[in-house]
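Structure incoming, see below.
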Amino acid sequence: MLFSVPGIINGRFIGFLLDIAMAALVYYYIKTRKMVHIRRVPGLDAIEEAVGRSAEMGKPVICSYGIGGFTYWTLAGLSILSHVAHLTAKTGSRLIVPTGGGDQSLIVRPVAEEIVKTAYTMEGVEDQYNPDDLPFYSGQQYAYIGGYVGVMQRVRPGSVIMTGSHASEAMNIAETSNAVGAITITSGSYISNVAALACASDYILIGEEAPAAGAYLSEDPAQRASIRVQDLFKWLAIAVMVLGIAARSLGNDLMLRLLST
Amino acid sequence: MAEILKNRQLQIIVMMLSFLFVFLPYFLNVPQLNTASTKLITITSIVTAFTIALAVIAQFRRGMNIINRRSRGWYFKAYMLVTLVLMLGFSLISRETGPYHWVMFAVVNPLSSVNYGILAFYMASTAARAFRARNTKALMLLLSGFVVLIYQAPLTGAYFTGFEPIALYLGSTFAMAAGRMFLISVTVGAIVFGVRVILGNEPSVLGISKEEQ
Amino acid sequence: MAKDNGGILKWMAEYDRRYVYLALFLVMVGPLLRPIGMPISVSPDTRQYYQVLQQVQPGDKVFFTLNTEFSGYNEIQSGIIATMRLLVEKNARVAFGVAHVEATVIPELIVKAVQAEMTANDYQYGRDYIILGYIFPNEAAVAAGAQDFHSVVTQDWLGRPIAGTFLDEIDDWEDWDLIADFTTGIATSYLINHYALRGTPMIMNCIGVMIASEKPYLDSGILLALLQSMRGGAELEFLIGHPGPGLTAMDGFSFGHYALIIFILIGNVGYFGYTRQQQMKISKEAK
Amino acid sequence: MVDFIEISVVAVGTFLAMCMFSTLYGKSSPLYALAEESYIGFATGLTIIWNIDYIWKTGIVNIMAGDWVLLFSILLGAMMLLRVHPKYGYVARLPIAIVLGAQFGLSLRTVIFTGFIQQISATIVPLFTGSTQALLYNWTIVICVIFMLTFFFYTIEMEGALGMSAKFGEYLLYIAFGTVFAQTFMGRLGLVIGFLQSYTIPDWKTPYLLASMVLVLALIMYMDRAGLLEKLTPEE
């Protein structure tokens, strides 16, 4: 510990400060409504190519956004779903969106319906929107897997795009998708999932790439701003590490004491 | 009353107050505040336990729908609803013995185990298909996976001791560092997302549809 | 299936994945029916876990949390039972809490497995151990329990009041001497955030899937020790000299790994012997 | 002596388990549906039981002991249930606001320490002092964390030095993925073996396991030949 701040519990000051700083930055970006520049992640090209190939083969596209509630991963999945819906509306492929899978997913489903419908309306093919193509596979993970796998085996999709808050069921889906010969594009939200999916998929959006892709596609300044704030904090992390390591290697533990303040 | 409950502004203010009431006492040195905050957290835990009912209602509705429509295999759904109600009944008899206990070990235990156990088979077929030295990235994956697999099998781990230090090294450095990197970036992402919700920027999370904004 | 198109090499590149499933099944069931018994090397992480358990004093209050489904229990039961056995030998007082509804009957299995030691050390329900049931349904419940234990937990799993048991000595996080967490990832970060971060000593036995996610907590000192998957459990059994489900499973464990390694090798031979040749042929023809 | 109840547990358990394994056959089947619906039904029932149990023990018992403030929790919980009501759904917004606020409060106040500050502190290691092994470990960890992090920047283009660093980070990530994949496989394998073990020890259980295996496989293959799989499997 370097110093103590009156009124604040010892050892918790830096955490408090960082939380406040993050909130202030997000608030600042939302208030100014600045559109932050986000680079295009290569995964988006892979998605576009996959949807295009499915259209050429006359096969449907399956796209899912996860089984969780409204988390940061689900929002990314929904942004990507919106993009895919626009693409399929343009190319005329059938889009199937399996929904459900978790207790929390019930509240996300109406939003997903809305997103797909809006995309079809905006592309001027509202008549092609079919609510039955967003089947609800119960609020249980295992039933969801059964439904998802079943629909893949029956319709033999050209591509499967699985992003958002998927958990262990992602492996069942990716393996089946590959077995039915679909182009498999996935994203994972925790490391063992990412590692397994990196092997099982044709293309993978590693970790944060999915939210970044979602923010790139989104017109919402707040979503983009949060990617910027995250970047800033990652820079901060690297800077503190480098300085700290340099100091520690020279026998100075100032940085460590500061962090534990 | 309805107007007040529908008011979006009020809802966001309530959320913010609830947030601050939990957040601040952790940092500030005020014991009384801490006691009150604990009470709010306890209340939250109970209210959250109620939400499970929502999922069950949805489950019931969907089941009834399928049964009413007499879709192919509707009797499976009817069976599911019966088992659900049966389980509730069983629990009233006894949780230590009897039918509840039987169901736990004859049905729930094996099915839960297989449900995740199947993944071993999927992972094996994935590895058999994907662990091929197609390019540099795949080669790295293959080499590190291979060494760790050989170490993890107890037989080779014990006799070919050369693999052990490499596998332990890979696990405590590369894998750990990747885990740490994920942890850092997910933490920052989660905090930023939380801040956005608290600031009222993600109304869909609160159950407010787009038209109402 | 034209023979001239590559024959065995083609098969090696493109065989039906159901062969993998079948082979894996057979190599796992076989050794379970006829155990061979193989030696095992003990990793430093397991030694560290053992060291922490060695330092438990008689009368220490240990929070034994089972945040797992049945499936996870099957994987880490060796670690769970070996840990419990050590705790009983050390005369620690143990409270079981669970974060998954399926785990509510697991304490019963653990108690049955170490019955002999418990009888030998005169363990009595309420005085030396207690089963609390489903007390971690969500993060708020964990957090509230860390700040005021009795505001959340009033009865044991069968509805008997906990007043008068050794839990009277527990007020908040500070009063636990050790948390032993057995987890598939459910509620684990809650225990870390609301107990271990504040300073409660915490050790963990996680399933293989969670190792990479939990290792950073071990490395940064938030966790005192991390026992890994079924292999860690078998190593612990080896260390305490009391073979259990972990060590008997190690044969199938070895063979499962070898089956996978062989399939990877077959796949690579097939890839370089057939798939790659085909790709080159196609690209040559394209030119 | 093995009694009838124990035998029934093993017989039913192995049969249902093999039904669930039948999904590996690659086609959906009524046997899988049976296993799946059994699990959903009983597991959902179980979830209800224990959540009511929690509400009872933490809420009602405390209220009866005189802790009146907790009455709010029951009131808010009841309001929460109206969420599915088409007309009065808005009533649920208040409890949702309170729950979300508290949840984010709980996570924001802690993850900044466990997921950010302490992870950075743990990466600040000496790079020139210590044993050879410690140095090797420290250097690798530092290089990995920093280069892997650079792979995850999105608001600047990946050009020049940063692009190279990100590329290098990606290779490091793939080495890590190989290890993590192996660990994950070990976990899943342990799970299956643990499961099989519970049906091979003690010895009397093994015949039931093998019989179920053969029975389910035979049933599936018969139904596949007879074209019954499609007919009897429920629609999703």
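For reference, chains read A, B, C and D in written order, and residue numbers begin at 1 within each chain.
Just so it is clear, contacts are C-beta pairs under 8 Å (C-beta built on N, C-alpha and C of every residue); 3 or more make two chains touch, one makes a residue touch a chain.
The structure presented is a predicted model; accordingly, all values stated were derived computationally and were not measured.
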From chain A, the most remote chain by mean C-alpha position: C
Leader among chain pairs (count of C-beta contacts): B-D
Between chain B and chain D, centroid-to-centroid distance (C-alpha), Å: 6
Whole-Å gap separating chain C and chain D, where each centre is the average of the chain's CA atoms: 13
Inter-centroid spacing, chain C versus chain B (mean Cα positions, whole Å): 17
Between chain A and chain C, centroid-to-centroid distance (C-alpha), Å: 29
Residues of chain C whose C-beta touches two or more other chains: 17, 21, 71-72, 74, 102, 104, 137, 140-141, 143, 151-152, 209-213, 216, 219, 231, 253, 256-257, 260
Numbers and ranges of chain D residues touching at least 2 other chains: 23-24, 26, 33, 39-40, 43-44, 46-47, 49, 51, 54, 58, 99, 102-103, 106-114, 116, 119-123, 141, 145, 149, 152, 173-174, 176-181, 183-186, 188-189, 191-192, 194-195, 198, 233
Sequence positions of chain B contacting 2 or more other chains: 23, 26-27, 39, 41-42, 44-45, 48-49, 51-52, 54-55, 58-59, 104-105, 108-109, 112-121, 123-125, 127, 129, 131, 141-142, 146, 149, 152, 171-172, 175-176, 178-180, 182-186, 188, 190-191, 195, 198, 205, 207
Pairwise touch network: line, ring, star, complete, or other: complete
Parts of chain A lying in touch with chain C, wherever the complex brings them together: 168, 175, 179, 190-192, 195
Residues of chain D defined as touching chain B within the complex: 5, 8-10, 12-14, 16-17, 20-21, 23-24, 30, 33-35, 37-49, 51, 54-55, 58-59, 69-70, 72-74, 76-78, 80-81, 83-84, 89-112, 114-116, 119-120, 122-123, 136-137, 140-141, 144-145, 148-149, 152, 170-186, 188-189, 191-192, 194-195, 198, 231-235
List of chain D residues in touch with chain C within their complex: 24-26, 43, 46-47, 49-51, 53-54, 57-58, 61-62, 65, 67, 99, 102-103, 106-107, 110-111, 113-114, 118-119, 121-122, 141, 176, 179-180, 183-198, 200-201, 206, 209
Of all residues in chain A, those that touch chain B in their complex: 7-9, 12-13, 15-16, 19, 22-23, 26-27, 30, 70-72, 75, 103, 106-107, 110-111, 114, 136, 138-140, 142, 168, 171-172, 174-175, 178, 189-191, 194, 196, 198-200, 207-208, 211, 222, 226, 229-230, 233-234, 237
Residues of chain C defined as touching chain B within the complex: 17, 20-21, 24-25, 38-41, 43-44, 69-72, 74, 102, 104-105, 108, 137-138, 140-141, 143-144, 147-148, 151-152, 157-158, 211-216, 219, 231, 234, 250, 253-261, 263-264, 266-268, 271-272
